Amino acid sequence: MTYSAAEMMTIAAARALSPDDVCFVGIGLPSAACNLARLTHAPRLTLVYESGTIATRPDVLPLSIGDGELCETALTTVSVPEMFQYWLQGGRISVGFLGGAQVDRFGNLNSTVVGDYAAPTVRLPGSGGATEIAILCQRIFIVMRHDRRALVERLDFLTSLGHGPTGRERRALGLRTEGPVLIVTDLCTMRPDPETKEFAVDALHPGVSRQQVSDNTGWPLRFAPRVDDTPPPSADELTTLRDLHARTAAANAGAAAAGEGR
Amino acid sequence: MAEFLSLPDAVSRFVRRGDSIALEGFTHLIPFAAGHEILRQGITDLTLIRMTPDLLYDQMIGCGAARKLIFSWGGNPGVGSLHRLRDAVEHGWPRPLEIEEHSHSAMAHAYAAGAAGMPCAVFKGYVGSDLPRVNPRIRFIACPFTGESLAVVPAITPDVTVIHAQRADRGGNVLIAGIIGVQKEAVLAARRSIVTVEEVVEDLGTTGTNATVLPSWTVDAVAVVPGGARPSYAHGYYQRDNAFYTGWDAISRDRTRFLAWASPLHGDTHL
Amino acid sequence: MAEFLSLPDAVSRFVRRGDSIALEGFTHLIPFAAGHEILRQGITDLTLIRMTPDLLYDQMIGCGAARKLIFSWGGNPGVGSLHRLRDAVEHGWPRPLEIEEHSHSAMAHAYAAGAAGMPCAVFKGYVGSDLPRVNPRIRFIACPFTGESLAVVPAITPDVTVIHAQRADRGGNVLIAGIIGVQKEAVLAARRSIVTVEEVVEDLGTTGTNATVLPSWTVDAVAVVPGGARPSYAHGYYQRDNAFYTGWDAISRDRTRFLAWASPLHGDTHL
Amino acid sequence: MTYSAAEMMTIAAARALSPDDVCFVGIGLPSAACNLARLTHAPRLTLVYESGTIATRPDVLPLSIGDGELCETALTTVSVPEMFQYWLQGGRISVGFLGGAQVDRFGNLNSTVVGDYAAPTVRLPGSGGATEIAILCQRIFIVMRHDRRALVERLDFLTSLGHGPTGRERRALGLRTEGPVLIVTDLCTMRPDPETKEFAVDALHPGVSRQQVSDNTGWPLRFAPRVDDTPPPSADELTTLRDLHARTAAANAGAAAAGEGR
């Protein structure tokens, strides 16, 4: 079966999840990856959305983090303050997914502004949950489209701490959580060096060259001593993912027909 | 005791020019009808407070009703930017917008602190982030027992909070169900509050339960506004109009298209 | 993931000599059966934590299982004193009991802080009271924004929390309903936890609701113990045995009568 | 109708409640007084118990603050942390009832120990909610049996702040709540002097003399410039209170018959 780079990216992210993980899930690719994992190799995977839905099992992907589907299929739904107090800050989440407009080689993220904060070129949405997800989940998975505007030499703004601007700050701050352990892009996966915490490519997606990855990265990119080939999507993975997207599209079309707007 | 009022009466009685105002909702139960009534009445110079300013605040900012925004995530969920918010921040159109920016955890804690009568919220947050550099209302204190550095932000105590809920009983007690967000905290933290509801029922059916209820004596006005959350949704009543959210992107990208969309909502004073 | 165990197995696996332990319950759902099992197994040197130590802690203290009590109100509700507690504090019988004394608000905040991963709880409390003079774990800090003096106490993080709940599903998810007290916070704040339940059901029926649920992955052991809260009560299952509470006064007043009552519960080690 | 001193005391406390009050109710006399007020002149009176029950309308008096009856007749029931955070500390309660083993002339209360804290003669139950009820409710009503061991010259321990040891501390601490505004005993009612905050008798229950009250008070007792006679219980008040107690006794007897103990 043929597949897109976006599908490969989602599937690579899904594979990184373990059956006993409790995930703090964001909208978009993280949501697709988590639900794909739940529907394939990790049926016990627990999904928590910051809207307060705990152990939700959505049949279709939410467009927003607070969709009714999430509540209707959750074990229970708590208030947003409780979600951030008892569940995120309480250390109950093993994996947090984060993205952003920019990431640097140490997994620090910018989702605030491009340009100067006081007079930005592009005003981005802002932190949302990310600033505390980054420090309070046991491990962080970062998902990004791979291009030079996203994987940058230097962030315009540090919204969410990875391993720190020099790779040493996180440890120095005494945080007990691991921080970013994985970056998944549409070209490759990267993991941090155990000592320097600089991310290095550890697997290339099928058909992607080292040169192609380096050309699309804003810093002089390192490769791990051993670089694997990402196994291509299995038929089961692809079918499950496409069914999920098809169900989602059908549900949204139905809802659009039923809705009226303002 | 909550008074039952029409939406125009509730807004004119309890929302004032220059107020700090939270129209809360977390995707679910966003009080669009009340926000539009505020625009219709031309109430301006508002400080808008919300964790997730989405289309409603984009509309209010585009209409020039706000002088300041306190927020933690400003986007069109699953779609993209809020173009009116961006235009105000990036180009000062139709008027400059002051920004006070937090994280979700900070705002959730700050609403809870407001509801709990605290002057500030103490939590684990902002470690290593640049946000404290650009927001002087983020401070740090040491735990007196462990020495650990903890973030502190001021409690959120809006002049007025407006929310939409599923229903009230005849006594003015309000039930919120489903994704409940920070709405209860936002009402309890506010000096004044308006709740729009889908319907009024004889009995909320919450006796003996642990349901999320705002007793009548915590609310100033209840206004019955069926569909008051559209194009957001009301669990048990109607679904989210995702097509409107998606379509908003094109309307809001363009000042002219936005002004045409907004013209029925203009008050007299601000555009 | 919670494991389903017999009560003796759950206690021997998760409760250890010298532990700090919270057997919580606020009149409702007091885990008497689990507490008695701890006595039967002769586990001692415990630091007992509870807002409202009532008959169960009176029994455990009378049996000599505790070296310390952290509490905020120690009485037999509506009846009078806890005579075993008084005997331990006033006369050191059967062993001296160290006391760490708080107010309800402090302990409620401290459990919530424990559940929220905070090292301490900050709140408005203890103003003008003598309690901070006798409890060095009560401190004060200033709000960095207003200067207001605020009380601080350490978070409560028990080695083990034991609660009784109405039911679990087969996956080990636990539902608590009615007067829910601080039980959810006490479990989330603890390193280990045991929940005794009235029954196991196929489906908790909480999907889509805002019910008070402890997911399976927040609990170590679930033990099915019908009647496990008696003489306390379980909302929806059985009523409080008020006569037992009233009758306890006479039993506990007298060391001899108490020892006769307690003899079936004695472990080997502590009396 | 004849009546007891205890009935007079409960009825005098009930009369002090206004229809719009939101009361934080303790077990025993406060619970009887609040429910009597709700069943007579203040049907809209809102009762909140620290077990988390909001706007409860019990048909019988609870033996304990967490009785099922309170939950089963409440608008809703919240967790105990929420009760203390959003409801008590949030300033939502207008009247708190407090009692204790000792009260002084400025309405300070001791419910902790008689004797030295480290080696007490009598270990009392402790604060419970009282320490923060005393500072966070808008107004405090104190209910006490009138005798010299209870109304004392000097507290052994100050559990809950009234107007402070000299009557000036509460104001100096900047508290915005009023503190104790009323003491109801089985002999009289007392209110604080607006300036000195020392409690003075403002009404004597029927048949009680000034001498009798003074003899039973541990400090040199003052009387207000005008001392009223407490109106005797009305037939309606007495009947309602006795019916409430009779229903309670019947319910408890029934529950005792149904229960088993350990």
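Think of it as A, B, C and D in the order they're written, each chain with its own count starting at 1.
We take it that a residue touches a chain if its C-beta (ideal position, glycine included) is under 8 Å from a C-beta of that chain, and two chains touch if they have at least 3 such contacts.
Everything quoted here is computed from the prediction, not taken from an experiment.
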Task: Return the chain pair with more inter-chain C-beta contacts, choosing between B-D and C-D.
output: C-D
Query: Taking each chain's centre as the mean position of its Cα atoms, how many Å separate chain B from chain C?
result: 39
Task: Would you kindly tell me how far, in whole Å, the mean C-alpha position of chain D lies from that of chain C?
output: 27
Query: When the C-alpha atoms of chain A and chain D are each averaged to a single point, how far apart are the two points in Å?
result: 56
Message: If I count partner chains per residue in chain C, which residues reach a count of at least 2?
response: 112, 116-118, 123-124, 178, 180, 184-185, 208-212
- prompt: Considering chain D alone, which of its residues make contact with at least two other chains?
  reply: 71, 77-79, 85, 89, 136
Task: By the touch definition up top, name every chain pair that qualifies.
output: A-B, A-C, B-C, B-D, C-D
- request: Would you mind writing out the residues of chain C in touch with chain D in their complex?
  value: 26-28, 32, 36, 51-52, 71-75, 77-79, 81-82, 85-86, 89-90, 101-106, 108-109, 111-112, 123-131, 134, 178-182, 184-185, 212, 230-231, 233, 235, 238-245, 247
- prompt: In the complex formed with chain C, which residues of chain A make contact?
  reply: 20, 22, 44, 46, 54-55, 71-79, 85-86, 89-92, 136
Field: Residues on chain D engaged by chain C in the complex (per definition of touch)
entry: 27-28, 50-53, 62-68, 70-71, 77-81, 83-85, 88-89, 112, 117-118, 120-123, 125-132, 134-136, 157-161, 164, 169-170, 173, 175, 252, 255-256, 258-262
Message: Using the touch definition from the top, list the residues of chain B that touch chain C in their complex.
response: 116-120, 122-124, 137, 139, 141, 143-146, 148, 150, 152, 154, 177-178, 180, 208-212
Message: Going by the contact rule set out above, which residues of chain C touch chain A in the complex?
response: 1, 112, 115-118, 173, 184-185, 188, 204, 206-213, 215, 217-218
